[in-house]
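For reference, the structure I am asking about is given below.
We just call them A, B, C, D, E and F in the order they show up, numbering each chain from 1.
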Amino acid sequence: MELPKKDFTHLDQHTGNPTMVDVGTKAATKRIATAVCEVVLGRDIMQRLLEEKDIVTKKGPVFQTAIIAGTMGAKKTAELIPLCHPLALEKIKIEIDPISETSIQIRCTASLTGKTGVEMEAMTGASVAALTIYDMCKGFSHDILIRELRLVEKKGGKSDFRRD
Amino acid sequence: MELPKKDFTHLDQHTGNPTMVDVGTKAATKRIATAVCEVVLGRDIMQRLLEEKDIVTKKGPVFQTAIIAGTMGAKKTAELIPLCHPLALEKIKIEIDPISETSIQIRCTASLTGKTGVEMEAMTGASVAALTIYDMCKGFSHDILIRELRLVEKKGGKSDFRRD
Amino acid sequence: MELPKKDFTHLDQHTGNPTMVDVGTKAATKRIATAVCEVVLGRDIMQRLLEEKDIVTKKGPVFQTAIIAGTMGAKKTAELIPLCHPLALEKIKIEIDPISETSIQIRCTASLTGKTGVEMEAMTGASVAALTIYDMCKGFSHDILIRELRLVEKKGGKSDFRRD
Amino acid sequence: MELPKKDFTHLDQHTGNPTMVDVGTKAATKRIATAVCEVVLGRDIMQRLLEEKDIVTKKGPVFQTAIIAGTMGAKKTAELIPLCHPLALEKIKIEIDPISETSIQIRCTASLTGKTGVEMEAMTGASVAALTIYDMCKGFSHDILIRELRLVEKKGGKSDFRRD
Amino acid sequence: MELPKKDFTHLDQHTGNPTMVDVGTKAATKRIATAVCEVVLGRDIMQRLLEEKDIVTKKGPVFQTAIIAGTMGAKKTAELIPLCHPLALEKIKIEIDPISETSIQIRCTASLTGKTGVEMEAMTGASVAALTIYDMCKGFSHDILIRELRLVEKKGGKSDFRRD
Amino acid sequence: MELPKKDFTHLDQHTGNPTMVDVGTKAATKRIATAVCEVVLGRDIMQRLLEEKDIVTKKGPVFQTAIIAGTMGAKKTAELIPLCHPLALEKIKIEIDPISETSIQIRCTASLTGKTGVEMEAMTGASVAALTIYDMCKGFSHDILIRELRLVEKKGGKSDFRRD
């Protein structure tokens, strides 16, 4: 299969080594991105989250800890992902909802007005929130799965994206 | 459904608020944990990774950047996950392998001799490596999925775990 | 006034420059320290915290955010305080209680088995929790005071301390 | 007591969970904030600081370490306080002055041109400087108090504030 | 020798204490800076780097690890250097080239559009890359030297600089 | 030239990818390492440091800022150098001395009782102190050179090292 010519944006065209994209000449526009993932906890843990009010009111200690951790994690994206630019995020929002009798969904939206997008911030925030849920529930079971982490929407860059 | 009595280890028994587990009285033993996840990249990106030698030799720039990021990310676990203890990790290993024509698998193993396990370090290292792969490939497509992040084995604590 | 001879532990005896204490020859013992401070919020904010369940159940979103922040802040002590040693904390606990119609008290206890004490970790954890409360309530008033941050007890080092 | 309707800015209006304020639509203006606190050291430690030139010249090693720590601490505000935005601070200034025979005052001023204020940065810088003074003097006494941490002025946002 | 009057920019004019420069009134311009250093590894290590493809293709694991570390290190400049401003870097590039039978050269270029220069970011990125090379080669010899770290060019501030 | 068989300790023997050394089976022994470097400042800056008391008393604001930065930088080694282990340093000491009419020397000693050496911590501490001196003096000249960064001694591991 011959691929249409298009380079890895994060590899130097001459040496092939990893390198940051130069965003210096891009326009500062409003950027927004949303990522989601699912955490399969199983019936037993879901029931316990119900008792702790995490599920009914969405305000229990497990969900709130994950929301704080995801928010702080999104702010650490440029420290974690080697070729990400440090960004002055204007908003991060983490939402956690039960989506079945065994699973919850985590949704992270990040936004700013800047020269580069916030897709990685949304992905990282969702990941860290999910890992925190895992950490707080692993005393009950290690059979917990974090799955389907993906971008669902981004707007404001060269091209918008929306997952169907 | 009435659940057998067992508390969230990370919630204070009296107030119900989030709190660290006290590991002060645990024995320092050899602990090891392995986590894996998959990154579904699609045929086009897989082909390009082949050209960059990432897949054939497993030594290309994309995989190596992810290995470095995952290793450094595992060291940041206690900074990211609110109730994790700071740990003196003795070893972190990240391996990346193609597992189909569209997907790769990331495997992170962490170990130390200490009072608490390294499960979250293995999970975090795999996550950050996966997010880095995503970051470096997202110029080709946003239809990339990080899935099935899970613990596959842990040894050395109160109870061992091995996923079948 | 002539002072009995005793040097600043954090100044080099020869040059007078700041320097870390060498804890290499100290014994690893169980260390524990507790610090407290008060946050004077005023009647209006206290009433609103009551409505958010922070005060009645001690489990509302403001207190829980502060507990998470204080716990994570205590883990960052050696990053913040220049001459503190990096420590493998085994336990951090933050408690928040109303102590009058206008004030809350924050209490942070830290512990580990190690060569140096955790007094600064307890002080830092209480500070960061208090600053977080301030941040979340400052939309109502800037007339908030953080006061009386102090060590109340430490055990396990050269000399124990207990504030009357 | 019925309170006039006004929400916690850092709680989501629908779920009540902690969340960052969206500053995306705010105007970038010059923002400045000053916070102060006092450290009650007692006569003995004050006398020793005098001998180390900290008090006479304000340039001794204890004060300078605290100034550096407070400056670096202010830069870490968004890492410490969960719902603070990462900010490109343009200036941080820490000043330390004796205010009585037993006490010093720490004053931290932060400024930038941006969409949100720097009140938390000023508060955090003063706190970390105070904690550093405590750390360097605790070899003499644990009876040290950090008190009256408060905002004294802020300008440039929706409403200015000046403490009388 | 009497020096023409000119103050340390990072010392307060009144107290003489360390302080950040206020960049609030500076214009945001395009800033770029390049720093270089050399790492003297000796013939034996150079030969081994040749075998690992680091030298022939410039794409081996040692150089790539150093490139990632230097890039991430440059992003940490304001955390490391007390009086540096936090900056939203738009581009960091690390290049590593053999310059003799015993030595390599590391070159780090940083850029952004902002109110202050990126000279320290370029210097820090080159340093961290060099230290990483050292770390990965020290198993062969401790007789490795990092030398001649210097700015080679900066543009976009009050005055440009170019080393002959 | 055929080299005696010896592998890069930081490359996986099977894949050749970067990886941490496993220090799990090493003995915890007392480890100490000292690194030095020189900063060539030129006569003009040296004269100004003399006036600020940095050189005569070694206690001026420039040297003290560098000492604090180097100490804090050494604590960040495992965050900066990808394959370094997080270590519980027991002592870091930075010394700065004039060594000619144009140059100063920075010396950093690190120590702990642990399973791996502190060579990188000593190298990193000296680097960050040197970069801080550079930062504080660059207002006078950009013709400053950081040179001859090297290990001078290490003790306590598999083999001791002492530079003649």
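The criterion applied here is as follows: contacts are C-beta pairs under 8 Å (C-beta built on N, C-alpha and C of every residue); 3 or more make two chains touch, one makes a residue touch a chain.
Given the structure is predicted, the values throughout are model-derived calculations rather than measurements.
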D-F or B-F, whichever has more C-beta pairs in contact: B-F
Chain whose Cα centroid lies at the greatest distance from that of chain B: D
Whole-Å separation of chain centres (CA-atom averages), chain B against chain E: 32
Averaged-CA centre spacing for the pair chain F and chain E, given as whole angstrom: 15
Shared interface positions of chain F, touching two or more other chains: 16-18, 59, 61, 64-65, 68-69, 72, 76, 79, 82-83, 86-88
Set of all touching chain pairs, with the criterion as stated earlier: A-B, A-C, A-D, A-E, B-C, B-E, B-F, C-D, C-F, D-E, D-F, E-F
List of chain B residues in touch with chain F within their complex: 30, 57-59, 63-64, 67-68, 71-72, 75-76, 86-95, 111-113
Residues of chain A defined as touching chain B within the complex: 1, 3, 6, 8-11, 16-18, 37, 43-44, 47-48, 51-52, 61-62, 64-65, 68-69, 72-73, 76, 79-84, 119-120, 123-124, 127-128, 130-132, 134-140, 142-151, 154, 161, 163
Of chain C, residues touching chain A in the complex: 59, 61, 64-65, 68-69, 72
Complex contact set, residues of chain B against chain C: 12, 15-24, 78-79, 82-83, 85-88, 114-115
